[in-house]
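Two complexes are shown next, each including chain A; its partner changes from chain B in the first to chain C in the second.
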Partner chain A sequence: MSKLPKPAELAKVSYNNPATDWMDTPVEFKPGMYCHGSKPKSLEIVGFPNPRDWRPADADWKLPENWKEILIEGIADRLKKYRSFRLFMDICVRCGACADKCHFFIGTGDPKNMPVLRAELIRSVYRKEFTTAGKILGRMAGARDLTLDVLKEWWYYFYQCTECRRCSVFCPYGIDQAEITIIGRELLNLLGLNIEWIAGPVSNCYMKGNHLGLEPHTIVGNLEYMLDDIETVTGKRIKPSFNRKGAEILFVTPSGDLFADPGTYTCMGYLMLFEELGLDYTWSTYASEGGNFGFFTSNEMGKRLNSKIYAEAKRLGVKWILGGECGHMWRVLSQYMDTWNGPADFLEVPKSPITGTVFENAKSMKMVHIAEFTADLIKNNKLKLDPKRNDHLTVTWHDSCNVSRGMGMLEEPRYVLRNVVNNFVEMPEDTIREKTFCCGSGTGLNASEDMELRMKGGFPRANAAKFVHEHYGVNMLANVCAIDRATLKPLMDYWVPGVNVCGLHELVANAMIMKGEKERTTDLRGEPLPNVQAKEEKA
Partner chain B sequence: MKAIVSFVAVLLLVAIGYMGGSAGSTSRFLFGVVAPYSAFAIFVVFMIVRILKWASSPVPFRIPTTAGQQKTLPWIKDSKIENPSSVFGVVIRMALEVLVFRSLFRNLKTQLHEGGRLAYGEAKWLWMAGLAFHYSFAIILFRHLRFFLEKVPYPIQLVESLDSFLQIGAPLLYLTDVALLGAVTYLFIRRVALPQVKYISLIADYFPLFLIFAIGATGVLMRYFTKTDIVGVKTLAMGLISFNPAVPETIGAMFYTHVFLLSVLFAYFPFSKLVHMGGVFMSPTRNMANTSREKRHINPWNYPVHVHTYEEYENDFRDKMKEAGLPVEKE
Partner chain C sequence: MTLKEELKEKKSAIVQKWIDAALASYHKDAQGALRQTKAQFTNPAGFNLAQGLDGLFDALLEGVITDSVATFLDMTVRLRAVQDFAPSEALAFLIRIKQIVRDELGRERLDAPGVRTDLAAFDAAADDLMLYAFDLYMQCREKIYDIKAQEARSQTYRLLQKAQSIADKE
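On to the complex of A and B.
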C-alpha cells in the first residue's frame, strides 16, 4: 500500500492543467487513488461476466476478445433504456458551472475529475459511434475511438465519482454525472471490471443477506453484545425479536450498524428507542441489509439485492417497514425500490402506532426513515428527553448526499437534533443541505487501499468541519448514514483531529430518559456524562 | 488552437456569404432564398427528429435532483419548487430554469486559500452574461418579425421602442444589439481566460459563439454603418414567407452574408449542443416531481431478475439459525 502523505501536503492542491489536451493525456494509475480489482469468486456467485484474477495496474486486463463490441452494444442498449443518458450525452454546453463543484476535483485538481470532463470521457465515444458529425469529423467534433486506454480511463474515473449529485444541482440542465457514472459502471461490469470492495459485499449480500456477510447467528450475537452494553449504561435488559411473523413493523438498517463503532452506538440507540416505545417490531436476518452495493454495480444487481426487503415483509406479514439511518440506502429506497420490486400492496400505509400519524408521503413504497419517525414522536411529546446529557458535545450536522439530493430529508434530522442536544452549530451554508459535500468515500469507495483518494475527496467536507471546530468548538459530526459513520471518522482523524462522528440515534438514546432506567453515569460510549464529570470535579 | 479553427471556419463562412451576395442574380437567389429555406427545413425536421429520439427513450426511474426539503410531516415546511411534489411545483421549477436559469444562479466559485482553507465565493457573471445573451438573442429574433409582417403589430413596436429607449444615435441604438455582442464576447473571453473552461472546450464550443457574433456584427454593420435597402429586404422577407420569393436587385452583399450565416446557424443547430434549447425541458432531474414514495413510478422495461430467496437462505443456514434460537419455516 502506498504511504499516505501528510495533511499539509495533501492540502496543497494544484489546479494547473496538463500541457496536453485531455484526449492526449493518458490515464496514469496512481497508487492510493484506486481500489483492488474484483476477485473471480465475487463475480461468480452472482453470475457476472468475465470472472478472473486481474489487477488494475496490469497492462493486460484479460478482457474478452470482443470487448469493444460488448461495450458499444451496451451503450446502444442504455441509450434506448434511459432518456437521462441519451439527453445528457447531447445537451451539455460545457459552460463549466459544474467543474469546481465536485469534491474530487476540489481535492485532486485533476481536470478529469471535473464532472463535465468525466462525462466527456464517455461522451466522446458516444459521438464517434452514434453521431454523424462524430463519425465524419472525428476529433474535430470532439469524438474519439474506444481504445484500451480509453477504457482504463473510464475505469479509473468512474471509480473516482461517488454519485453524490452535487454537480447536478448546479448544472443549468440538471445533467447528473451520478447517472452517467451509474451507467458507466454498468458498462464496466459487462467486462468484469468491478472493484472488490463493491463486488465482495454484493456477493455477500446476495447469499447472506448483508454486505458484511454476517450469518444469522452472528447478527444475533452482535446485537447481544450491544444489549449487554445497554444494560450496563441503563440497567435495562432489552429482548428484541428476529424473523418474527406477525410483528407490526419490519426494521431494516445497514449492516454497518451491527458491526463496528460508531455505527453500533447508533444501533444501540434504535434498540433503546424501540424498547421505550414498546414497538411491535422485528429484525430480519434475511433482509439484514438496508444499503445496496448492487446499485453501484448495475441496475439489475441493485434490484436483485433490494428484492429481499419487500419479500421478507411479505413473508413475515408485517404492516409496514421502518428503515434505519443510511444515505445511499435511502436514495435507492425512495427513488428505486417501489419501481423495481413493487407494488407492495400486501403492506399498509405506514402509521406510527405511537402517535397515530399516517405517513402519506410513503403511501405507496410503505417505508419510513427513522429520522421521520422520531421527529414525529418528539413533535407529539412521546419521548422524555434530557438534552443536557449531551452537553459535553458541540454537534454539527453532515447532510448525506443521497438523503439530501435524492430525497430531500433535511429538516427532520435537524428537528430531532435540536431536541436532543443543546449545542448545535451549522457548517458554512455552501457546504450543507442540497449543497452538502460528500464524505469522499461513498459508492463503495470506502476501501483502505484508496485512502489517498478518500482523504482528497473528503477534503471539502473536512474543511467545513474544521471551520466550525476552530470557531465554535464543534467536537461531534453527526449524520444519518452508515457509510459516513465508517468513513468520516478516519477523515476527521486525518484532517480535523478532535472531532468525533456519530449517528443521530446515538444522541437520541443518550438524551432519552427511559422508564425504570437507573441513573445514568455514562453515555453509550461509556464516557462519563457531563453532570457526573462536574460532580466528580467538585468532590 | 480550437478557437482558431472555429474562428477561421466562421471567417470562411463570412467570405462565402459575401461573395455569394456580390455575384450574379442566380447566386443571390441561392443565398437569399435557397439557403434560408433549406436551413429552416433542416432545423425543423431534425429538431423534431432529435426530440422524438429523446422521447423514444423512457424514463425508467423517478430521479429528480431534490434541492430542498421533501414533503413529509405536515408541520415541516416543504420546498414546493426546489423539491416539487406536485405538477404545479414542477411547472414553476421548470419555468424558473428556462426563464431565469435558476440552477446557474446557484453558481459558486470554489477557492483554495493559503493554509488549505476552502472558500466559496459569489460567481454570478456567467449567469448574467448567459441571461443577457439569450434574452437579447430572443428579443432580436422577435424584432425581426417586422420584416415578415405587412403591418408591424403593436407588440413588436413596443419592444422596439423599449429596446431603443436610450434614444442614442440615428438610427436609434438597440440595447439588445450591444448586449448580444457584449455577452457573446464575454462568453468567449471566459472560455479562453479560465483555464478549466478552456481545457474542457471543444471546437464546437467556440464555433457557435463566433457564428452568433458574426451574425450580430453583420446586422449591426448594416443597421448603423453600411446601411441597406430596407424596402428591398422587406420585399425579400415577405416573398419568403408567402412562398413567392423575389430577389430585389438593390440589397447589398452584407445582407446576404448576414442571412447566410443565420442559415448556417439554423442548419447547424439540431446537430450541435444548441439542442439544449429543447433538451432542457426534458431533463428528468428537473422535470419530475419527487413523488416516488407516494405513487409507484412504472419502468416500462422492468424485468424479473434472479434473486436469492428466503427458502434458499434458510436452507443454507437452517442449523445455525436453530442454534441461535431463530424461528425457521422448515424444521
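On to the complex of A and C.
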C-alpha cells in the first residue's frame, strides 16, 4: 500500500503559489497543456531539419550540437528580413494593456501567457545578443542567455498561442503578438521542434494536397455520402464535377469540411447552393485544401503549401476562385497568397455570374470568400429563402479571429445569417467583432492530447456563449471557420451543454427552397423541421 | 446576535478573504488581473470565482447544502478542474472557509456560549460542500476524457462508414 501522509504532514500544505520572478521560474511541462512532438517522417517529407524521435517531456531533445548558433543566426536573419519583428522587439514599454486580454492567460492564470511576457521570452534573448545595453547590463536590462531551459520555455508557450491577435487590438503601439509567435515557431522549426498535429498535416498536404491526406477517390467518395444525404432530405440528386478543365470557378475549401461533422453539413450546404444556382464550378482533388498548416510552421512552408491553388487554377483554366468557410485560410489567402505565389494575372477579376457583381476587393488575388458571395446573392434577391425552417434554432455568431479581427469580415456573415434565421442573438460586446474571443484551439492546437489547454483557452468564448444560452435560449453557435466547427463543439460540451455548433452555409441550405425539391421534413442533420414537429405534436 | 447574523454582517469581508485564498494558488503576477471580479466577460475567471463564492457562502449560512448550490459550485470548480492543479490543490480553497470564519470572529467570540455549536453546524455544511465539490470535480475530469473519446469517434466516423459500405458490398 502506498504511504499515506500523516495529519501533521498534511497540515504543512502551503496554499500559496511560490512567487519567483518569471526568469527564475523554469518551465514545467504539464500534461494536457502541450501536443506530441513532430515525428521524423513528417519532417523528412518536407525536408525540414533534425528529423528524429523525441518527446517534449524528455530531458534530451536530441538537438544538433550547434543549436544555439542556429537560433541566434535565425533571429539575426529575421531581424534583417522583417522590419515588424525588429520593431516589436524594441518598442514594447511593458504597459500591460495586453496582459489580461489573452484567452490563454484568462483561462490558465499563468503569467507567461500574458502577451507581453510571451514576447519577453524572445525579447530577453534578443536584448542579450543584439543590443549593447543587454550585452553590458544583462539582467538589469531585461536580458538573459539562451539556454536549454529558455528554449523549452519558448516551445511550451509559443504552442500556447493561437495567433488570434486579440492582444494587438489593445496594444497602444499595435504590437502584433501573432507575428512574434509566428517568428518564434519558425525559429523552433530550425531545430525540428514542431508539434505532430501541425507537422503531420503539413506533410500530408505537401504529398496529397490536403491536411487529412485524403486521396482523390476518398474525396469523391466522401462527397458521395453527402450527396446521398442531400437526396434523402431534398429528393434531388446532385452531380458535382471534379478537376474539370474550362469550368468558370474553382472551389477550394478546408478539407475538414469533407471529413467530420459538423463541417460536413456545411459542405452539403455549398453543394446545394451551387446546384441551385447552376454554377459553372469544379472541385479539385489536388488543390483540395484551403487551410494552411504550413503557415503555423514557417513563412516558407506556408508559401510552398499555398502554391498549388494558383497552379491548379491555371491548369484548369478557370476564371476565378471561390473559397469555402475557413478562418486562417482566408487570412493566408488574402494577406499572403498574392505576394507569395502571385500575381495571378492569368485569372480574371471575380464577377458573380448570377448577380453580375464585380468583387473589386479581390481585384488582385482573384479569390472570393463564400460569405461575401452569398451575401451578394441575397442582397440581389437571387435565393428563395424560408428562414422559418430554422425556427427551432436560436443562433449566436462567433467571429472567427482571422476573418473578423484579421480581415474585417464582420457584416457579410451577419447579413446572411439575418436572412436565413429568425432568431439571432449577439454575444456581449466585448466578446465579438474585433474583440472576439478565440476558440482556444487555432493554429494547429486542435489536437486531443492538449484538451485541458483547449478548454482553458476557449473559456472566455464559452462564458459569453453561456450567457446568451441562459438569457436568450441560444442553442446554436454559428461561424465560418473549419477549426471552429471542429473545436467549439467539445468546448460547448464542457462549458455550455445544450449549445450546438454549425457553419453558415448549413443554415443557408436549410432555409433555401430549391427548385423541384420534395417537401422537406428534416434539416441536413436529419432532425425534424419545426413545422413537422408541430404537426406531429398536434396529431 | 446569533452566529448566522454575525456572519451575514461580516459577509463581504469573509467572502473577500475566501476569494483571496483561492487566488493565492495563482502566481503573484497573475493575481492582480484575476482580482478584477466585476468584468463578467473580459475576466470571466475572476468574475465567476467571486460570484460563485458569494452564493456558496449564503448556502453555508443556511447550513444546508443541496443540489441548489450546483450553479455556484460550478462557477468555482469547473475552471480549476482543467487548470494545472492536483485535485487537492484545485479544491483546497473551499475548506479554507472554516479558518477564515474563525479568524474573522476572533478567539473571544469563538469561546462565547452557543457559538461553538453553531460553528459545528457551519463546519458540517462546509464539509458537505467539499463532498459536492469532489463529485463535480470528478464529473469535469470524466467529461474531458469523454470529449477526447467523442472527438476520436467523430474523426473516424466517415472512415468507419466507408469501411462498412465496402464490407457490405463484399
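Miscellaneous remarks
Heads up, the rule we're going with is that the second predicted complex is superposed on the first by the 521 of 539 C-alpha atoms of A that agree within 3 Å, B and C clash if a C-alpha of one lies under 4 Å from a C-alpha of the other, contacts with A are read in each partner's own complex, and residues count from 1 in each chain.
Going forward, contacts are C-beta pairs under 8 Å (C-beta built on N, C-alpha and C of every residue); 3 or more make two chains touch, one makes a residue touch a chain.
As the structure is a computational prediction, the values presented were derived from the model and not from experiment.
Taken together through their common chain A, the two structures put chain B and chain C in a clash. When the two structures are aligned on the shared chain, A:110 is found in touch with chain C, with no touch to chain B. In the superposed model, A:260 makes contact with chain C only, not with chain B. Of the two partner chains, chain B is the only one touched by A:172; chain C is not.
By the document's definition of touching, both partners, chain B and chain C, reach A:430.
In the superposed pair of complexes, A:33 makes contact with chain C only, with no contact to chain B.
Of the two partner chains placed by the overlay, only chain B lies in contact with A:83; chain C stays clear of it.
Of the two partner chains placed around the shared chain by superposition, chain B and chain C are both touched by A:463. Contacts of A:222 after superposition: chain C is touched, whereas chain B is not reached. When the shared chain is aligned, chain B and chain C each come close enough to touch A:22. Common to the chain B-facing and chain C-facing surfaces of chain A are residues 13, 15-17, 22, 99-101, 106, 111, 114, 117, 221, 428, 430-431, 459-460, 463-464, 467.
Residue ranges of chain A in contact with chain C, taken from their complex: 13, 15-17, 19, 22, 25, 30, 32-33, 99-101, 105-111, 114, 117, 218, 221-222, 225, 259-261, 264, 428, 430-431, 448, 451-452, 455-456, 459-460, 463-464, 467, 490, 493-495. Chain B makes touch with chain A in their complex at residues 5, 50, 53-63, 65-73, 75-79, 82-83, 85, 97, 101, 103-104, 106-110, 112, 115-118, 120, 126, 130, 194-197, 199-205, 271, 273, 275-276, 279-280, 282-286, 290, 292-299, 301-302, 305-310, 313-314, 316-317, 320-321, 323-327.
Chain C meets chain A in the complex at residues 21, 24-30, 33-34, 36, 40-45, 48, 78-79, 82-84, 88, 92-93, 96, 140, 143-144, 146-148, 150-152, 154-155, 157-158, 161-162.
In the complex of the two chains, the chain A residues touching chain B come out as 7-8, 11-13, 15-17, 22, 47, 79-87, 90-97, 99-101, 106, 111, 114, 116-117, 120, 131-133, 140-142, 165, 168-176, 179, 206-209, 215-217, 220-221, 242-245, 285-286, 299-300, 303-304, 307-308, 311-312, 315, 334-336, 338-340, 342-343, 357, 359-365, 367, 372, 375-376, 379, 404-412, 415, 428, 430-431, 433-435, 459-460, 463-464, 467.
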